[in-house]
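The first chain written gets the first letter, and so on, giving A, B, C and D; residue counts start at 1 in each chain.
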C-alpha cells in the first residue's frame, strides 16, 4: 500500500476503496432529520404525550370554570394557546439533552457542516412531532369549548404559525439549559417571556377567528415573528450548544 | 488586527485599579443630583392639574423604569462584546448589571402600582407599561437563574450572554405587542397629565433624578465589577497585590 | 513532498475554570505518525484533544492544520478530521448499522456495502444488527472504531481508544491505526498505556 | 405644626407616595450594601484560592 499524498483521502478499509464523496450540508441536515424521526418512532409511545397533555389541560378548564359553552367560548383562545405553549415546552427539554449525553451533539459540532443547520433539522422534527399535532388537535378541542365549526380553519392557521415560533424559541431555551443539571423548570422560565408576543398575536387571531371576523392583522404580525424566530433562533441555539460543549 | 492596546486596557489589574479610583467620581455627583432633584421634586415643582400632589411618585417611578431598560441594554451590549471578542471584563460588567437592573425593575413595578392605585382602585392593573415592566422583570430573573444554574463561570458567562442578546432583541417586540394588545382593551394609562408638555419646573427634577440614577448605577456597577473581576482572575501574583492594595 | 508537519500545536495554554490545565504544550504530527498523549488523570489529556478539535477555546497558543490556524476555517479542518470520545456517539435505540449509516452519512455519502465492510473490519458483524442498547461497552467501542473508519478523515483523534477493550480489541486498534498511518493518515490519541503500533513512527507527549 | 402635616399628606396621596420613596431609598441602599458584600466575598475567596495553591498559577 504506497502512502497516498496527503491531499487524497486515504482508503480506510482493506480492499474496499473508500473515496467518500463529501456530504453537503443539506444532505447532512436531512440525515439528522431522518435519524431523529426514526428515533422518535422507535419510542412510539412517547409521541402521544404532548397531545394527551394538551387535551387534559384544555379539558381542565370547563371543570374548573363552567360547563356553559357560551362562557367557555369567551376564554377558549387563551386556554388553547396557553395549553399549546405548555405542551410544546414539555417535549423541548430533551431536544438536545439526549444527544449531548451520548456524544452525538459533539459529532454535529465537529461534522464540518453548519451546526445551525443540523440543530434546525432537529427543531423541525420537534415541530413535526409536537407543534403540528397540537395545531391539528386544537380546533377540535376548541369545539369542546364552544367554538363554532367555521372558526376552526382560523384557529388551525394561527396555531400552525404559532407552534413554529414556539419550537424555535424553545430550542434556544433547550440549548441554553444544557449546562444546567435539572434544566426543565429553568427552560420554561427562559422561554415563556420570549413567547409573550407569540401568545398575544396568536390568541388575538384565534379570538377573531372565533368571532368570524377577519383575523389578517394578528396573523400577519404572528407571521412576522415566526420568520424572525426562524432566522435568528437557530443561530442562537447553535451558539448556545457550542458554549455548552466547551 | 493587533488589539494590544485594548487588551492592556481590558486587563483585569488595570480595570480593578481604575474602577476603584472612579467610584467616588460617580458616587458623589450621583448623591448630589439625587438630593437636589428630591428637593425640587417635592417642594418646588407645582402639583399636576389632574393628579395633584400624587404625581410626584413620577420622580422615583420614571427613573427606575428608565434604569430597568438602560441597564438591560448595557448588560446585553457588554455580553455581546464579551461573547464576540472573548473579553472577560465585558462578561464581568454583564454579571454586575443584572442584579441592579432587576432590583430597579421591581421598584418601577411597585411604584407604578402605588401610583396607579388611587386611579384604578386596585394595586394591579394590566396597564401596558406595567405589563411590559413585568415581562422585563421575568427576563432579568431568567438571566440570573441561568447564570446561577451553570457551575463553570466561563460557561455561565457565555451562555447568559446569548440569553441577554436574545432578550434585548425581544424587549422592543414584547413592548410593541403589549401596547398593541392593550390598545384592544384600552386600560387606563398611569401617566395622564393635565398639559401635553410638562412645565420646566416639573421636568427639571425628573431630568436631574434621571442623571442621578444613571451616575448611581455607574458607581454601584464599578463596585460590583471589582468583585466580578476578582472572581474571574487567575494570575496569583496580581491577585496578591490586589488583596493587599 | 508532504506539506511540512500537517498538525502543529504551539505554546498552548488552556484553563478549565480556575485550573491551569495545559501549560505551554508544543508538538507537531506529520503524515504517517501517531502521537500518544500520556499523563495522570486530570493532567489534561482530554482537554488537549478537545482543544485540538476546536471544541475548547485556548487562551493562548496556536493549533494549525496544513500550516493554517484551524479557527481560520474550522469547517474545512473538521471536514478532514474525526474524533472518537469516551462515549462513542451511538444512539441506544438504533442498531449498530443504523448508527454507522447515520454517523458516517453526516460526513460523506456512503453505501450500505461500505458500512458492512467497516463492520466486518472491526469484527462487529455478529451484533451490528442488534440495538446498541443491548450491547456491551466493548462492543460499542468497536462500533465507534467503525465510524472513524467510515469517516474517511485524514486526522484521527482518540480519547483513550482502548478502554473497555480486551486484548484482541486492543490489537484491532493497533492494526487499524497502523493501516491508517501507512495510507498517509495521522493519529493523535490520549492513552494510558502504549498502543500496539510499531514504535518507529510514534511520538510520545507526557503532560505529567 | 399643620405645615408638616399638610406636606406629609401630599394631597391625600401620602399613603402611596411615601412608601414609593421609602422603597426606592431601601433599594438604593441595598444595592450598595449588596455590591460591597460581593467584593468582600470575592476577596476572601481569592485569598483562599491563593493559600490553596500558593505558587504561580
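Throughout what follows, a residue touches a chain if its C-beta (ideal position, glycine included) is under 8 Å from a C-beta of that chain, and two chains touch if they have at least 3 such contacts.
Predicted, not measured: the structure shown is a model, and the values here were computed from it.
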Worksheet, complete the sentence: With centres defined as CA means, the chain nearest the overall centre is A
Fill in: Which of B-C and B-D has more C-beta contact pairs
B-D
Worksheet, complete the sentence: So the chain most remote from chain D by C-alpha centre is C
Practice prompt. Calculate how many whole Å lie between the centre of chain B and the centre of chain D, each centre taken as the average of the chain's C-alpha atoms.
Written response: 15
Worksheet item: Rounded to the nearest whole Å, what is the centre-to-centre distance of chain A and chain D, using the mean of the C-alpha atoms as each centre?
Response: 43
Worksheet entry | Cα-centroid distance, chain C relative to chain D, in whole angstrom | 54
Worksheet, complete the sentence: Per the C-alpha means, the centres of chain B and chain C lie apart by a whole-Å value of 48
Item to complete: Provide the list of chain D residues touching at least two other chains, using ranges where the numbers run on.
Response: 49, 57
Worksheet entry | Residue numbers of chain B (touch at least two other chains) | 152, 154, 234
Discussion item. Can you list every residue of chain A that touches 2 or more other chains, as numbers and ranges?
Written reply: 246
Worksheet item: Taking the complex as given, what residues does chain B use to touch chain C?
Response: 86, 152-154, 234
Discussion item. Going by the contact rule set out above, which residues of chain B touch chain D in the complex?
Written reply: 47, 51-54, 56-57, 60-61, 64, 96, 99-100, 103-104, 106-107, 110-111, 114-115, 117-118, 216, 220, 223-224, 226-228, 230-231, 233-237, 239-240, 242-243
Practice prompt. State the interface residues of chain C toward chain B in the complex, per the touch definition above.
Written response: 15-18, 20, 57
Worksheet, complete the sentence: Residue positions on chain B within touch of chain A in the complex are 83, 135, 138-139, 141-142, 145-146, 149-150, 152, 154-156, 158-159, 162-163, 165-167, 169-170, 173-174, 176-178, 180-181, 184
Practice prompt. Provide the residue numbers of chain D that touch chain B in the complex, in ascending order.
Written response: 10-13, 16-17, 19-21, 23-24, 27-28, 30-32, 34-36, 38-43, 45-47, 49-50, 53-57
